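The structures considered in this document are given below.
You will see two complexes here that share chain A, one where it goes with chain B and one where it goes with chain C.
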Partner chain A sequence: MVMLIQALLSGVAQGAIYALIALGYSVIYRTLNMGHFAQGEFYMLGAFFGVWLFTKLNLPPIIVFIASGLLTSLVMLVMERLAYRPLYTRSVMGLLISTLGMQYVIQTIAKIVWGSDVKRFPPMLDDSTVYIPFQDNRIAISMQSLWVIGVCAILLLALTLFLTKTKTGLAMSAVSMNRKAAALMGVNINTVITSTFIIAAFLAAIAGVLMGPLYSVSFTMGSGIGTKALTAAVMGGFGSLPGAVLGGLLLGVVETLGALYISSAYKDLFSFIVLISILFLRPQGLFGQAKVTKV
Partner chain B sequence: MKQRIKLVAVMMCLVMLFSTLASVSVAEKQTVKVGVMCPLSGQAARFGEIYKASIDAAMKAVNEDNLLEHYELEFNYVDDKGATHGAPVAATYVIDNYGAHVCIGHLLTTMILVSGQYFEDAQVPLLGIVSGPASVQQGWEYLCIETGTDLDQADTLLEYLINDKGFSKIGLIHVNTEGGMSAADRIEETIQKVYNLSLVSRDPMATEDMDFTAQVLKLKEGGAEAVIFWGLSQAAGNVCMKQIEQLWGQVPEEIFFAGGTNLAQNQMLETWSEEDIQGVVFPVGYIPNEDDPKIVRFIEDFREADPLKQDPADVPARVYDAVFHIVTALNDMGAQDVDSDDFSINLNKALRNAVFDGVQGHFDFSANDNGVGLSRMNIGEWGPGFSQRKVK
Partner chain C sequence: MSILKIEGLHAAYGSTKVLNGIDLDIAEGQIITIVGSNGAGKTTLLSCISGLIPYTGSITFRGESISSNVGSDERVKRGIIQVPEGRQVFAEFSVLNNLKMGAYTLPRNEKIAPMLEEIYKLFPRLNERKNQKAGSLSGGEQQMLALGRALLSKPQLLMLDEPSMGLAPVVVIDIFKTIRKLNERGISILLVEQNAKLALKVADYAYVMENGRISLSGVASEIAEDEKVRAAYLGG
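Showing the complex of A and B:
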């Protein structure tokens, strides 16, 4: 029983990271009805900015988080102007391919700037472990895990409030429904799209800064986790914020329990079996909305 | 006017004389082409820098001591991306385009497996900087391995953990590459047949795995005293160790942590803290030794040549020894025509029979018929200040 609870806690913590990045995917899809292949690389960039700000400039953790998010968002802003904006009036496929290309561009730039070696990110937050007695044993909860889950919950709440209560958030919803109509109503489409990408980049950067001290930082760290977060977003329902979080948590738990009770060799297999099962039974994902096509 | 013409004629004769002398001296030393297949891009690009620094350090020693009598070595670096798909491309280039007489490379055993046949067919020797036994098991005659295999490492590590440290409950986490699986099979087989014990648990991991909760919980449930982490990523090793400490007990006081040669590499300095790394042991060919002048020279020359100015570790030592392997073989061959059809064939024979002392230890390729020259491994341990010491 203790083993199960321990594994669940660990799976939830791991899933919270997937959820943070998946939120970015969902925000972009919600507004633009498309994916963003380079999302994982902003997780990587956030981690690199974080390690630089913390180790070279010795900034306090809260400043590191905010500054990493802002710097990563700045990179996204530049990228959006150069590689994405020229394609807004073209087909979605072109924009999608552009995001795929930017994945490799960002990786290469990171490698040139910071090198190919893995960098150690010293712990910024309390990384001690809390032990809770349970039956004749104890359950270990790392403060790092609690931070990850807490930050994920706060950002989900903040994002939901932003999208539903603020003008920009409502404008993003309007753009996703009908871009032309939104433009006619006075919404600046380019500004809305830029804001969408920046928010997504900020979320990924926060995840990178959170996990950098745990996993170390390298220019390839974004690819794998980006794919998993995309899987989580699809599981939960592309475009749904609660769905992205649920998908992330589900993915983390499935991976951990599958590795514990069956085999760690098939960790990814379990995730994809669950994904395929969900898509078979509910193609729009757990929280996604089924699209009705009028004929 | 006549005097001027005479002067010009004398000068022209002198120029021709010197040119002839120069060409004669160049012809005395023929150029042996060495193709170096290493990652120059991608995640493993740092290893490309390491290869170059190791070769530069080796050639500095070769030139300073005039070790090569009849030849000079020319190195051509080709990007194999550090990945399996890059190996055949690199192999094709060095053999067909560059016309290498001998090659050094790659980084992974799977890369040797996909490119080895190219060298076998072309009859060009390949010196592999890998330790996976599967490459040796192919029976190729044009392959030499510049270190002990994973099997030798696994045997040495088990002997140390069981005989020297007295552990009877050992768990294993291993990467699911060919080298990792072979080592894991060997560990499981040896622990049963030689020591009459069983592994507490054996769990694979993918190269990019960064969560080891399941593996650690199984080891804890099984009451393991020592954990062998046979992986590729040093950062992953640190994550695993920290999760052991979070979920289980202190390393190394309560749970002994050991690894394959991946835990011997300098990348450990980049990813582990000084506190975490102490007490971690690993099987390895090369161990720094201040009392060995050959090793001291290697360390100084490598540090000078390395862009990051780091001290060398196991992989640099393998590349360094590979150069001296070539030098030994060429000296054993004596002067031969590098353009002859059987030059590479003769060079291969000399390589497969070479005996020399490298920085990893004593190599005797003539003792085995499988391209392995180093059978004796060491056990190293990380100590204070990121130092390494030999414990066995």
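Showing the complex of A and C:
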């Protein structure tokens, strides 16, 4: 029982990270109807900026989080202008290929700038473990996991408020529902697309800073987690924001429980089995709406 | 005085030419209608005026020339507002949020509450359903919502694309009465309509469009009497 609760907790923490990156996939999919394959690389960039700001400039954690998020968003801004924006008026396939290509461009640039060795990200936040008595045993909870869950929850709340309460957020949802009508209301579509990419980059970067100290930082760390988060987004219903969160949490928990009760060697297998089962039963994902397309 | 003047307008989708030199003039405070069959280029013309697709030729709004690269948002700010074909309401938004989107380009300090009151007075049904999802409204209610939303953008020129499409005849009469009412408040109106009979009745001036060209224009009541127009669009 104690083992189960501990595993659930670390599963939720891992899942929250997947959820942050998956949200990025989903906000972009909502506006552009396209998967952003370079999404995982922004997780990696966030972690690298975090290490640099924390170890070289000795900035306090809160500044490290915000500054890493902003620097990563800046990279996204430049990339969007150069590699994505010229393609908006053409077939979505070109844009899709461009995001695939940018995955390698960012990885290679990161390798040139920071080198190919694995970097250690010293613990930034409280890394102690607290014990809570439970029946005649005790549950070990790492403060790191609690921080991860807490920060993710705050970001989720902020994103929800932004999308439902602010004028810009409302415009973003309007563009995702009906681009032509939004343009006719005077919404600048390109500005909305840019904001979408920036939100996606910021969320992924925060996830990177959160996870950096738990693992290690290297230029390849983004692609694996990018695939996982994409899985989470598809599971939850591609384009659905609550779906991305639920998909992420589900994936994290399934992986951790699978590793605990079956074998950690098959960790990745469990998530893909869940993905395939969900897609068999509900092809539109957990929260997705079945789309009827007339041909 | 003309509010909108179009000269030699050309537009194409890829290599398919849709508009082949359109000349059109809308006098301030009038209702202008464009009649024509499917595929004549009426919707494309509205898209050009709204800045949704590129064009060559000149569009002059209130004496100021608007080139093809002026964005749709800038045009909305100047008061060129379009209610697109098929209503295009934001289906997942509440009626209220749809209306708020209409006020998107208004300055932040502008109070929209009194404007909403105005809209609700014009369309009491929208007030009853303000918290309902727009997608759940009937076709007629959606058309009212699309009109109300457009009014919140403070139109100087209101372009309506097929406002009667798919609506019950009783509702169509209502919508056309509203169009008249809006015109009496000083809004110039460009009406694109399949129901030529009704459009010619309500309009001051009419253009007949064929294959991307204006083939005939004149005072609406005279166009309605034209034999060719009667044969082609008014069922003889």
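In the analysis below, the second predicted complex is superposed on the first by the 291 of 295 C-alpha atoms of A that agree within 3 Å, B and C clash if a C-alpha of one lies under 4 Å from a C-alpha of the other, contacts with A are read in each partner's own complex, and residues count from 1 in each chain.
Here is the rule we go by: a residue touches a chain if its C-beta (ideal position, glycine included) is under 8 Å from a C-beta of that chain, and two chains touch if they have at least 3 such contacts.
Everything quoted here is computed from the prediction, not taken from an experiment.
A.B. asks: In the superposed arrangement, does A:Ala7 touch chain B (first), chain C (second), both or neither?
C.D. replies: First partner only, chain B.
A.B. asks: Report for A:Leu170: first if it touches chain B alone, second if chain C alone, otherwise both or neither.
C.D. replies: A:Leu170 contacts chain C only, not chain B.
A.B. asks: Is A:Ala183 in contact with chain B, with chain C, with both, or with neither (first, second, both, neither)?
C.D. replies: In the superposed model, A:Ala183 contacts chain C only, not chain B.
A.B. asks: Just chain B (first), just chain C (second), both, or neither: which does A:Ser142 touch?
C.D. replies: After superposition on chain A, A:Ser142 lies in contact with chain B alone.
A.B. asks: Counting only touches as set out at the top, which of chain B and chain C does A:Leu260 meet: first, second, both, neither?
C.D. replies: Only chain B is touched by A:Leu260; chain C is not.
A.B. asks: In the superposed arrangement, does chain B or chain C reach more residues of chain A?
C.D. replies: Partner with more touched residues of chain A: B.
A.B. asks: Does chain B (first) or chain C (second) touch A:Gly115, or do both, or does neither?
C.D. replies: In the superposition, A:Gly115 contacts chain B only.
A.B. asks: Intersection of chain A residues contacting chain B with those contacting chain C?
C.D. replies: none
A.B. asks: In the complex formed with chain A, which residues of chain B make contact?
C.D. replies: Residue list for chain B touching chain A: 42-46, 176, 203-206, 208-211, 213-215, 217-218, 221, 233-235, 238-239, 242, 245-247, 267, 270-273, 308.
A.B. asks: Over in the complex, which chain A residues touch chain B? Could you list them?
C.D. replies: So the residues of chain A touching chain B come out as 3, 6-7, 10-11, 14, 111, 115-120, 122, 129, 140, 142, 214-216, 218-220, 224, 255-257, 259-260, 263-265, 267-268.
A.B. asks: Spell out the part of chain C that touches chain A in their complex, as residue ranges.
C.D. replies: 50, 52, 71-73, 75-77, 81-82, 84, 88-93, 97, 100-102, 104-105, 108, 149, 153
A.B. asks: Per the contact definition, I'd like the list of chain A residues that touch chain C in the complex.
C.D. replies: 167, 170-171, 173-174, 177-178, 180-188
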